[in-house]
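Okay, handing you the structure first.
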Amino acid sequence: MIRVGIVGASGLAGGELIRLVSQHPELELTFLGGDSSAGRRPAELHPGLRLDLGLTVEPVTADRVAEKCDVVFLATPAPVSARLAAELADRVPCVTDLSGAFRIRTPELHRRWYAKAERATELADRFVYGVPELVGDQLVDAALISVPGCYATAITLGLAPLTLGLGLHLRTVVVDGKSGSSGGGLQLRVPDLHPLRNGAIAPYAPTGHRHAAEVGDFLRRSKPGSVGSLAMSAYGVSHVRGLLASSYVYTDDPVDQRTLQRAYFRFYKEHPFVRVRRHDETLIPVPDPQAVLGSNYCDVTAMHDPDGGRIVVLAALDNLVKGAAGQAVQAVNKRFRLPEETGLTMQPVMPA
Amino acid sequence: MIRVGIVGASGLAGGELIRLVSQHPELELTFLGGDSSAGRRPAELHPGLRLDLGLTVEPVTADRVAEKCDVVFLATPAPVSARLAAELADRVPCVTDLSGAFRIRTPELHRRWYAKAERATELADRFVYGVPELVGDQLVDAALISVPGCYATAITLGLAPLTLGLGLHLRTVVVDGKSGSSGGGLQLRVPDLHPLRNGAIAPYAPTGHRHAAEVGDFLRRSKPGSVGSLAMSAYGVSHVRGLLASSYVYTDDPVDQRTLQRAYFRFYKEHPFVRVRRHDETLIPVPDPQAVLGSNYCDVTAMHDPDGGRIVVLAALDNLVKGAAGQAVQAVNKRFRLPEETGLTMQPVMPA
Amino acid sequence: MIRVGIVGASGLAGGELIRLVSQHPELELTFLGGDSSAGRRPAELHPGLRLDLGLTVEPVTADRVAEKCDVVFLATPAPVSARLAAELADRVPCVTDLSGAFRIRTPELHRRWYAKAERATELADRFVYGVPELVGDQLVDAALISVPGCYATAITLGLAPLTLGLGLHLRTVVVDGKSGSSGGGLQLRVPDLHPLRNGAIAPYAPTGHRHAAEVGDFLRRSKPGSVGSLAMSAYGVSHVRGLLASSYVYTDDPVDQRTLQRAYFRFYKEHPFVRVRRHDETLIPVPDPQAVLGSNYCDVTAMHDPDGGRIVVLAALDNLVKGAAGQAVQAVNKRFRLPEETGLTMQPVMPA
Amino acid sequence: MIRVGIVGASGLAGGELIRLVSQHPELELTFLGGDSSAGRRPAELHPGLRLDLGLTVEPVTADRVAEKCDVVFLATPAPVSARLAAELADRVPCVTDLSGAFRIRTPELHRRWYAKAERATELADRFVYGVPELVGDQLVDAALISVPGCYATAITLGLAPLTLGLGLHLRTVVVDGKSGSSGGGLQLRVPDLHPLRNGAIAPYAPTGHRHAAEVGDFLRRSKPGSVGSLAMSAYGVSHVRGLLASSYVYTDDPVDQRTLQRAYFRFYKEHPFVRVRRHDETLIPVPDPQAVLGSNYCDVTAMHDPDGGRIVVLAALDNLVKGAAGQAVQAVNKRFRLPEETGLTMQPVMPA
């Protein structure tokens, strides 16, 4: 059994990691870290969890984590992750960070969007970007993994078949992101209280979102010149879990519906967690987050819109699973040469 | 008192018309028409309504409508409206249609998007497009009014200050529309049942929406050459009433935030139902449909996004009020030379 | 015009009072008081409100209120109301308190449930309990009005036809209350954040609710001996506005369905805001808060359940209107001898 | 591997059975039956399911089921189940029915509540009532299993520690049930459309619910004389999955909080799927369906209410898992002498 630590046990991503690790046949939860929640049992923090996990939350020290863990997940704010990763690198076989501290590689971009998460460039350069479908074998034996953001996962999985598969140049991309309220965590803010958040379509980041910077950084690094302008607007809508990223793509390269569909099926045919949806088969024919709830799936589709002269790319995922904890576990599975699906076979809970 | 008839009493727009007319100091409800619902009292169809409105629904005949009404609202499907409008024009002083039968002026476009609503071009040409903020005095004494669709209202009110106010050429516009479930009416379809619609982000029209055709038709007619490519994708999200239209605009003309803000305030300063929201003042600083619920307001804002090289235009309204029944009453107020706000002063019900 | 002050402008009840007063033809908003929100405009606090109400919130002093107001509404916590009412009584023609400070008459009960709201018994005895349907002409010219709680309003309007109309002795009453999240106001508590409140059925007061004490106090005072044991459990459910109170009543007196129905219709036939619903007529045949949203209606019905040997009484209302601000305005209408419905004729916004 | 058939593949319970069986390590899905959905793949009917389950739905014949299955689940309406069970009994090693056809043992009660599901009394008498926590070893090797209703499961698990554990006589029990919309399945009815169901508190069975008859039948059979009057009212509230049953119990036997708490812990200490919640430990201290979503848990608690002279019993479960498919799998685990938790260890998805 691989010994697992989770730091940041009281947050939503931390709770989701506990859920997934406690169901995983090859991972054993050996350390739970948190400062504000030290001394508490997991089920006190996350009432859904099994009552008897046999651990309580402890204060976080590098010694303690190094002693107890083969892999540690950092579900902490970016500045905390930046500090902890520096302390734990090379003392724990695998450090997997779920924050934004190491997602953006380009230093200037990082400073712009994560000013409070100072980091050494040499350390940042050692991190593998943890979207397993797009980084080949880089995750095998990786010592440091940076798990992408929820939106960035959806957007890059949606666009990669265009840039990496079909080799298109995406002249202009506009992303419209729609997310449930769990994307914002459990911080106490008046607009996030139920009376004001329910029924809302809240444009919380209409003109700048750091996930867009992350996406551009990764796509351009993966294939220089593949993306021109990329802008994003993000909205909170009236449900809790799951997001849909709509990317509207303008390209000068020729494309048609049949080419698109084939390219997407081919690109993901070996990747069990990305489901390319046809438009004609089911009750819900296109990606919709309700069809992935609680699972590690990302559903994608691409449609050619000849009237609009654009490609519409839709990608849906559960922001706490494929958008956070599930993808982290998937990356760790690859890190430790386990089958990619180990512990992640739970099917979506639908309807919910 | 102006005598009012409503045809299509059992649908959501019909119910909303009954609500507004029964609260209006200068309108008197004298006729309710409907075929499937004939013989029923309004409160049986719409349980919120006052129990004792003193009318029951009747079968619809042109004679009866002509006898009872100074103005008739058609809250009927487009093919029914096309037929009834032909029968009632010139027999009733004002026919106000809430369907799509007469919204699009260009005949080819109309045939493409409303194939089942055949109409005479001469009749269509007589209709005034009923968005009172944008048609000047055309509504005064108008005999035939076509009320825009809910999305078209939001999008045109959002874009008009750019085209008509600032005179920009909008090279490329992508609209992302997010709407509650009441936009789909009460038709019996499995995906519209609560278990499948709640928690959904349902891309119901990802690559073609006739409201986009309507918007392009109107904006280009209002100012030829003002709009290049205009595409739209529409999504059902997890609430009931209200929509947000996000328009992402690319223009080659120079623009900045200050110019935008000023232009919007100036454009709507005489129009009480369009509220230009600043970004910095309130609990909910940008248009969000929860802040207009139940009211005839349309909240708009425009933001310059220098990183993305675009303008983000947001417009929120209640799809059953400013997007349907409220705008119809507002147009009729202008038609009969009443103050525009008469009977429409109800403030938003928030939170709800 | 009657000059109106509202203290507690930033809370939900305060916002709702501003909405209703600003729509009221005989009331003029002349003072807005609040300490934390002093200096702000109403639309900053409540984004739905008309932007240009022409007032900003001021700090609260007795002199200022006395100078500016014919009637002042206290939408403040009970301890604050207790203090302000003592200062303002006899200095303002009418003080209308929406808190619990003066709802319970019996001193021991008051101390048990509102320990922090100390008050003089002589002052408390002067307050009229502001449920207009049940206190006859006591509100006319009343100097001090205590508006009942949202649950208490629904429960007493539901039970009064049994005790005051039919003269039954209610041996055992169990009340199960279901309320939307707006009932809890806008306090920052983790369980009230959208991710945890949405989808919940939260038993927030399973074994003791001060509204039950208020109901028992009022019913027993109105008719001594009419009620035996009365218990209540309250739950937060997954919507924002509106509540349903279900009272399960055991009586040894004979009763049948026809007698019940007649008694309810007779009891409320002169009261336009209480709608007795038949079980057979409409799409939604029994009280459901969605059918009263935004309005001052309380919908009630009573059913005899011969199998269970009980009477089921259902009462639905909008907790912010008939359960708070609307009832307060209705009481003030009676206080100033205005028609009871003045300014309160807005019809429910449904569906929403 | 145990070969499994599921009849009624297109309904919500059928879909949930497919989800659970496809995740179960000892069960193999070998037959999917359905008449209206014959020829379709499971993922077409239930968009959350894995796309490649390798089966399509077939028409149902007894021969085909007998050939392909060691156990068949009937997720069909009661009349269909009554007919199929008669055909399949003794031809398949285990028939597990999820309908109401065999839940009520007393013939007169059955006829009253399930008039359309005619059945032979001898057949009915052979069915084991499939609530594994309350029937000891009766399920081992059982040929016929009748899975209780969702409400009946919650109510009986809530009350059994009082009657079977403490031996109390429950003089009067009033049950108030609150359920999400998935409890009503996917039938096309106007009040179940999203616009009318969202935000509702819909009293759909205020004075008679067959689940109450089922509960009384079972509890009185388990311990004659243990329950006096038992009445129930049921409400649809504004979420999709999960229910809360509140039982208000009046007894003349002495009881206190400490006795209650101990009795519940003792009663369920060997039963991993029933979690007795303390009132003081967690973010959500009492049963709330959001804390069991997607899992096979039933959370229960009992509180003594000395003021009200009653016991408040709360029980929460996921109506499609512990209230249907999960409990069916749990019963079949016991039937085939597998560990009770096999295939059912998925933890709740929370928040959702």
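Read from first to last, the chains carry the letters A, B, C and D; within each, the first residue is number 1.
The rule we apply is simple: contacts are C-beta pairs under 8 Å (C-beta built on N, C-alpha and C of every residue); 3 or more make two chains touch, one makes a residue touch a chain.
No experiment lies behind these values; they were computed from the predicted model shown.
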Exercise. So which chain is farthest from subunit A, going by the mean of the CA atoms in each chain?
Worked result: C
Problem set entry | Pair of chains joined by more contacts [C-beta pairs], A-D or C-D | C-D
Seminar exercise, completed: Taking each chain's mean CA coordinate, subunit A and subunit C are separated, in whole Å, by 46
Seminar exercise, completed: Separation of the C-alpha centres, subunit C versus subunit D, in whole Å, is 39
Problem set entry | Rounded Å distance, subunit A centre to subunit D centre (Cα mean) | 35
Exercise. Residues of subunit B that touch two or more other chains: which are they?
Worked result: 12, 180, 182, 190, 195-196, 198-199, 239-241, 283-284, 288, 290, 293, 351-352
For this session: Using the touch definition up top, name the residues of subunit D that touch subunit A in the complex.
Result: 12, 15, 19, 22-23, 41, 43-51, 182, 240-241, 275, 281-284, 288, 290-295, 345-352
Problem set entry | Contacting residues of subunit C [partner subunit D, same complex] | 172, 174, 176, 178, 180, 190-191, 195-196, 198-203, 206-208, 229-233, 235, 237-244, 246, 248, 250, 283-284, 286-290, 293, 303-305, 307-310, 312, 314, 316, 351-352
Exercise. Given the complex with subunit B, which residues does subunit D contribute to the contact?
Worked result: 12, 180-182, 184, 186, 188-190, 192-199, 239-241
